[in-house]
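Report on the structure given below.
Order of writing sets the labels: A, B and C. Residues in every chain begin at 1.
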Amino acid sequence: MDKIVGIPRSFLYYDHHILWETFLSELRIPYIVSPKTNEQIMRFGQQDSHDEMCLSLKNYLGHVHYLEDKCDYLLVPRVDNYGLYNQTCTNFLALYDIVHNVTNKPILNYNIDYCHGDTEWKGFLKMGLELGKKRAEIKDAYHHAKEKEKEYYDHLIGANYNALNNSKPRILIIAHNYVLYDEMIGLPITNMFQKMGATIIDANLFDQKVALRESRRISSGLYWDTSRKLVGAIPIVEHNIDGIVFLSSFPCGLDSLVNELVMRKIKKPYLNLVVDDISSLTGMETRIESFMDILNVKI
Amino acid sequence: MSKYKISFPHMADYYVPVRYLLSHLMEDAEIMVAPPITSKTIELGSKYSPDFLCTPFKYTLGTIIEALECGANVIVQAGGGCRYGYYSELQIEILKELGYDFTYLNLVSCGKTDIKKIYQMAKKLNPHFSVLKACYYGFITIKMVKYMDQIDHIIRENIGFEVKENSFIHLKQEMLEHFSQVKTYRELFSLYHQYKKKFLNLEIKKPKDYFKVGMIGELYTIMEPFANYQLEYELAKFGIAIKRYTNVQYLLFEKKHEIKKLLRQTSDYIKYKMGADASDNIARAKYFCTHHYDGIIHIKSSFCTPEIGAMPVISKVCSDYQVPVLFFSFDANTSEVGIRTRIEAFYDMLEMRREYEKSISRN
Amino acid sequence: MKKAYLGIDIGSISTKGVVIDSDYHLLASDYIWTEGDPVQAVRTLIDSLKEQLSDDIEIHGIGTTGSARKLIGLMLDANVVKNEITAHAVGTKAFYPDVRTILEIGGQDSKMILLNHGVVVDYAMNTLCAAGTGAFLSSQAKRLGVPIEEFGKLALTSKHPVKIAARCTVFAESDLIHKAQVGYPKEDIVAGLCRSIVLNYLNNVGKGKKIMGPVVFQGGVSKNIGVVKQFEEVLKEPIIVDPNSHLMGAIGIAILSSKQARDNIYPLEFKNITFETKGRECEHCSNHCEILNIYKNQKLIDTWGNKCPRGLQV
């Protein structure tokens, strides 16, 4: 019987799910992905987390809890940086050790630290070898997965650009992908916007290289990879959007600095939403409505 | 007289070496120590800071505003890792919004020091800037930090047992005054040894079975006494010897070499560097647990992400070794009464445990 | 003459006082509102306690605890002044020697104390805000138009408690209003509130603590059977609530004072003693310490609040 790998649907899942899923299927390793975040998962997360952790990390731990008795390994990577000016939130540095301390489940882990030579390929090779596969096999699977991932994102990025031609108001949403796509954090909010007739432009879906470069127009010293990619979307589409929404999960360390800085530098109307507890959605609705009113008057 | 008035944010007593270095390198400019941190500083800082930023941002912003109010026009900021490194950009924006006009010099960003940029800046501030001199005074400053930190170790271990009230604090003030006037390294070296002797000779009354408590936590809040409501001193007054490894000497010069060793020692709990000082603190916690310390106190500012990640692990270490641990999370409006109650209860707990252990060993 | 000991627990909302004998039996007790004036509250309290005592009682020790412990300790010349965490632990231990966990929810703050072999091994206090404390509960009861005395009983009748966000008072309040407007039955909202208080307490105060039985629940909120029931459901442990649960801090400090009693006798007569506090702001630096001078019979006996010696100058 093959061992089953459990993938928590949170954090890096939204960056790498195509890569992971293709890689594992190519190697014929069974895996299970936790379902979309739901009430039960959130409750698990609250139980297992520290009170001051950010909502996304709490949810992540909820997904880990859900998977505990359904798999043999948990896939928990550690990402330190993709280069000196491409660092990550400290939660990603600590993720392996945090999970390791809340569960006894064995962890399938790889480490990314480009500053010290730990590349993604090395990480996947290590993972593949641990799963008992041969080097050549792993290499093929990785390259295939990479290609598939690129195809997938190229398509999404194209669609995101095309959305700029859709009906007004067009709103650029700046939110980490694990906040934006989380069923209990970001999705209810994007749904509200769409119901009110807005076109959503996703700041996550732009050409990464371009976005990284463009981020320098807004902040010269910014060194967080995800924040740079998000911020870099602003100069790219600035002239084609009507408003900007900042969405973060409380109390995100990166956003507390970066979003505050960006808000002071942009000239578009903006709305800052910080999601803390799902039950306060009613309050959000009022704020979203009035923001839409402002945009509609301007158009 | 130069038109430059240079100032820098406060942290503990480290203004002494910083002032020393700047005043020797920028002879023409006026070096101004910002007004001491008071409740007004943090009030100012939090008024203009985003809500859920960690408190060091608020404190440094507060002292910078106070320094600018006193006429400073150049601000030197140390920067560093984690969120510290990115403080400056937002602080500049906030201060610009408030209408201040000044030059901001950030020494470290992304964990790297841009030597060329700093050199150009130094040349601008002082046309006579000499690299050779910078090296010499830089060396003295580094040594001064080291000596200060070493004296602080002695103070923390003994201040709780002083016979004459405030004798340690007064002697330290005197030492810092002498330190800031040294001209050569030899002078500093002999002063250090003189004062070390003096500190060791101060009269103390240390019982045989005194309590030992280890302090760990986020660097700014643990080092700046105002930010932690003088917790160290309050605790020492109960007759407790305090050990704390986090200081500037450690962070700047020792951490690089020590961290691998520390990670090895804690390999049963953690595998990687968990960001900022989280792994260091976990390793220290384990050290305290295995070296007969009676308790551990962990201090951090609210919303300090790396320490929040470390806390569950620290709890686990402490419960495995059955050493009590107390967590403090400080922000701009922590109630002092609550802190006091917690420290008192912590001391009572240590006492009760010891009595119980004694009663067990008697039977 | 019989030896007895007085213990007073002065909290921000209520002031509790007990007189116990050497075997820790309760001779007198009372519970009154502090109403922002601890000195006056204690005078009233002592008068009431004296009426309950027979003439052959001599007070040999006084202990004070609670947030105004220092002030009242000075006023009464107490022989023991201790924090409420220790007082609660000592009091509970005297009646339940095997207790492992003490849950305490009071007016303004909440605590959890863990013991092992009668020794405190860990404790925690609420750090975030007043959500889930007694004050919050009674203000919400008032908002819903339910008398606080019937709050618990009403909660017990609910079958489907409403989920209420309780992380923060502001959120909880707006959520509560919203739920009431939408038309949920009152008993379900009340029960939901009780549950949210329990979850908030366990999430905030009890985070990472291993709760083991026997569990004793005390503090003002322990009188609310709705909250007790929710604790039992969530913890899956029987919850012990002592009939004197609200007095446990006062009992504890009385016990501590009996252990450290010397031979002097306290007259319990304060009519002729004036006790005054005068607040002022120190102008010596921008700390602006709020300094409190304490006068007993017009004589300055103590000064608090100064961060440095400069604050001592009057």
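Basically, contacts are C-beta pairs under 8 Å (C-beta built on N, C-alpha and C of every residue); 3 or more make two chains touch, one makes a residue touch a chain.
Since this is a predicted model, take the numbers as computed values, not measurements.
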item	value
Chains contacting each of subunit B and subunit C, listed by label	A
Maximum inter-chain contact count - chain pair	A-B
Closest chain to the centre of mass proxy, which here is the mean CA position	B
Distance from the mean Cα position of subunit B to that of subunit A, given in whole angstrom	35
Whole-Å gap separating subunit A and subunit C, where each centre is the average of the chain's CA atoms	45
Subunit B residues counted as touching two or more neighbouring chains	311-312, 329
Touching two or more other chains - residues of subunit C	127, 208
Residues of subunit A engaged with two or more neighbouring chains	50
Partner subunit A, residues of subunit C touching it in the complex	127-128, 163-165, 167-168, 171, 174-175, 178, 203-204, 207-208
For the subunit B and subunit A complex, residues of the former touching the latter	50-54, 57, 82-83, 85-90, 93-94, 97, 106, 109-112, 269-276, 278, 302-303, 305-306, 308-313, 316, 329
Of all residues in subunit B, those that touch subunit C in their complex	35-36, 38-41, 311-312, 315, 319, 322, 324, 329, 337-338, 340-342, 344-345, 348-349, 352-353, 355-356
In the complex, subunit A residues that touch subunit B	50, 52-54, 78, 80, 84-85, 87, 89-91, 93-94, 96-98, 100-102, 109, 111, 219-224, 250-251, 253, 256-258, 260-261, 264-265, 274
Residues of subunit C defined as touching subunit B within the complex	67, 82-86, 109, 117-123, 125, 127, 208, 210, 285-288
